[in-house]
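Every chain is named by a letter (A, B and C) in the order it is written, and numbering of its residues begins at 1.
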Amino acid sequence: MSLMNGKTRRSLGECLEAVHAKTPLIHNITNYVTVNDVANALLACGGSPIMSDEPKDVYEITSICGGLNINIGTLNERSIEAMMIAGARAKELGHVVLLDPVGAGASTLRTTTAQTIVNKIHPDVIRGNISEIKTLAKGSGTTKGVDADAADTVTEDNLDDMVNFVKAFAAKTGSVIAITGAIDLVADENVCYVIRNGRKEMSRITGTGCQLSTVCAAYAVANPDNKVDAVAAAVCLMGLAGEIGWSRMQDGDGNSTYRNRIIDAIFNMDSKTLEAGAKYEIR
Amino acid sequence: MSLMNGKTRRSLGECLEAVHAKTPLIHNITNYVTVNDVANALLACGGSPIMSDEPKDVYEITSICGGLNINIGTLNERSIEAMMIAGARAKELGHVVLLDPVGAGASTLRTTTAQTIVNKIHPDVIRGNISEIKTLAKGSGTTKGVDADAADTVTEDNLDDMVNFVKAFAAKTGSVIAITGAIDLVADENVCYVIRNGRKEMSRITGTGCQLSTVCAAYAVANPDNKVDAVAAAVCLMGLAGEIGWSRMQDGDGNSTYRNRIIDAIFNMDSKTLEAGAKYEIR
Amino acid sequence: MSLMNGKTRRSLGECLEAVHAKTPLIHNITNYVTVNDVANALLACGGSPIMSDEPKDVYEITSICGGLNINIGTLNERSIEAMMIAGARAKELGHVVLLDPVGAGASTLRTTTAQTIVNKIHPDVIRGNISEIKTLAKGSGTTKGVDADAADTVTEDNLDDMVNFVKAFAAKTGSVIAITGAIDLVADENVCYVIRNGRKEMSRITGTGCQLSTVCAAYAVANPDNKVDAVAAAVCLMGLAGEIGWSRMQDGDGNSTYRNRIIDAIFNMDSKTLEAGAKYEIR
């Protein structure tokens, strides 16, 4: 542990150990495209999954969990109602709530739903790509200036601006914000992890982002006093698993086998490997 | 074949051969988390899958099948209606109906739905973990005594009590009851198979229970006069596939690859391998 | 390129190169059984997936895509409404629309829905098995004669009749028609590709047909002036991937591993391999 901004930081390895020790139970209201990989990735990282998206079921189901992962990838009217009920209940109980605003910006329903969840549920963590997060920031009306200056991807050239943007959005929402892409940013209002793990081939698999979201939720649940460190650890874990998985690819393998090898690498990750392989700086 | 309690027993291998010979077509109303693995496991064992959960579609779909597998893992109001319509129709036609009461006990909706299916549809087979089956038994009001004496897991120490409990619940419901866990129990009112196949690592994969349920349905459909033997054969098959799959794991493999290797082992199973690898006693 | 019936034909390899160059974005309204494999197969072939089946979401989502893949495998009242909205919007924008009429003929709801989509949306491509396509052709009332003479599978013996049938149905609907099975037929009103790639073991995996449909959509989007050639290229690609995937199977592998190897083979396919491995004649 080290001191930063007056707060004790928890190391990536300590965050992983906490997940392994606590087996966080996560309620997932998620899309049906990647849900099986989400469940297996959560099991791989040391958590445990429950899925339910029926409004009449979610109040009780989320009550017995430690955290809630809301992913709007294949939202519908019924599941949106379930998201609001479960989100309110989870916050009432002090559970960690994570929002993955899949496709925010691509349709009015997605943008409005994501913004409503941000405004009414106040998720502890929001994880998306840069377009989704910028859509949410724009919608709030006050971060337009920052956003107008920021380019559409996080690059070495615009990194200072993007770090300021993500910290400002974290300050505004009170959430830990994770923007994932070629360079990943994980920030609260004070610190921003800049993470350079992962491989570009991960974008040829469906659902690595969805998997990461539930893993982030598990990490935040197991490390409640260090959520920004925990989410950063989860993001490093996923990127490093992508690197390890790729290193095991054989001639003739493609994206389907790569999917398996990434989840396998999450399954086999220990704190020593994570600490040795994580590539990040803190700003 | 051998005689037991005045009834001819069908061997595990004979049960498997019947599935391979008949290719049972199973209508699955199941959760969207594990549905793809359910379909592939059913194909692997020699059956054939159809999925439908729309109330206006299920009456006709279940009519052309040989059996119905109802799994409440991600139930919703629409699919519950479909379960009742399909269940009633399947019974009317004399089809095998199996209930997998996923999460019974975890929410009122799940408990109530599972109990309603037990009471109104009278499934031929009920397969769940010990908590789910105990929830159903408690709800019925008359097996509390047995249940109160039974611990929360099936162990060598409480095995006699659990065997009595499962036989009593089978007698009460008229269903074949399968309780799966470290030790599996498959019983009707007269006999109880105590099965010790499988590996603990199977719990790190989502959906091995869901896969087993549809395989049990296929086995019961193909062996209509020997349902308890058939379900026991399916439970041994799944556990043995877990053992064979694990034996093929290589350095760096994890739960995602293990998932594939288990289904592969189901695909390659023959009656000789099943008979040689099954570990069970009959009480 | 070569001239056929006065029209310039585009080679299979050219069709593949166009997909790789354009990364077609496909909106999929598809079943929840095989949706993950559909997304990964589409990514493997060089396309990009979006899934949405909420009536309030699909108008905008399909507007930002290049094509729409409608699969009725687990249709429900909500998703049927979404199919009609998205289909109408996609046609309005001149997007490619593909219909996969899963289970047409097996229930009234499926048959009626598929026929309504054919009659009202006029899909650019219809891909199904022989039973599904014959159901659609019968329903139209005028191809009964052809259908009555055609057997239930495409064989070398009835090939002439089947080629005439599929060309006639293509002429009637104005759609490219793909009938897949042991022998595949891809036709418009003028030409019919007779394709002999693939392996019988592909039927032991769930969803190879669903995967093929989204790949056909991507190929048609990327080759808008040569849709029949493009769909034929996609069908050859899938069959050849099945052959290549099977050649990589090892002792103990089964249908789950085969699923991965087929998608991997799609991922690694290049135009030279496709041209060398495709087995087809044009009638």
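We take it that a contact is a pair of C-beta atoms (placed from the backbone, for glycine too) under 8 Å apart; a residue touches a chain by one contact, two chains touch by 3 or more.
Quantities reported herein were computed from a predicted structural model and do not represent experimental measurements.
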item: Subunit B against subunit A, contact positions shared by both copies (same if over half, else different); value: different
item: Rotation in the CA alignment of subunit A with subunit C, degrees, nearest 5; value: 120
item: Centroid spacing, where centroids are CA-atom means, of subunit A and subunit B in whole angstrom; value: 35
item: Where subunit B touches two or more other chains, by residue; value: 32, 36-37, 259-260
item: Subunit C contact footprint on subunit B (complex, rising order); value: 32, 35-37, 39-40, 43-44, 49-54, 56-57, 60-61, 64, 78, 244, 248, 259-268
item: Subunit B-facing residues of subunit C, complex; value: 31-34, 36-37, 73-77, 103, 106-110, 204-207, 252-257, 259-260
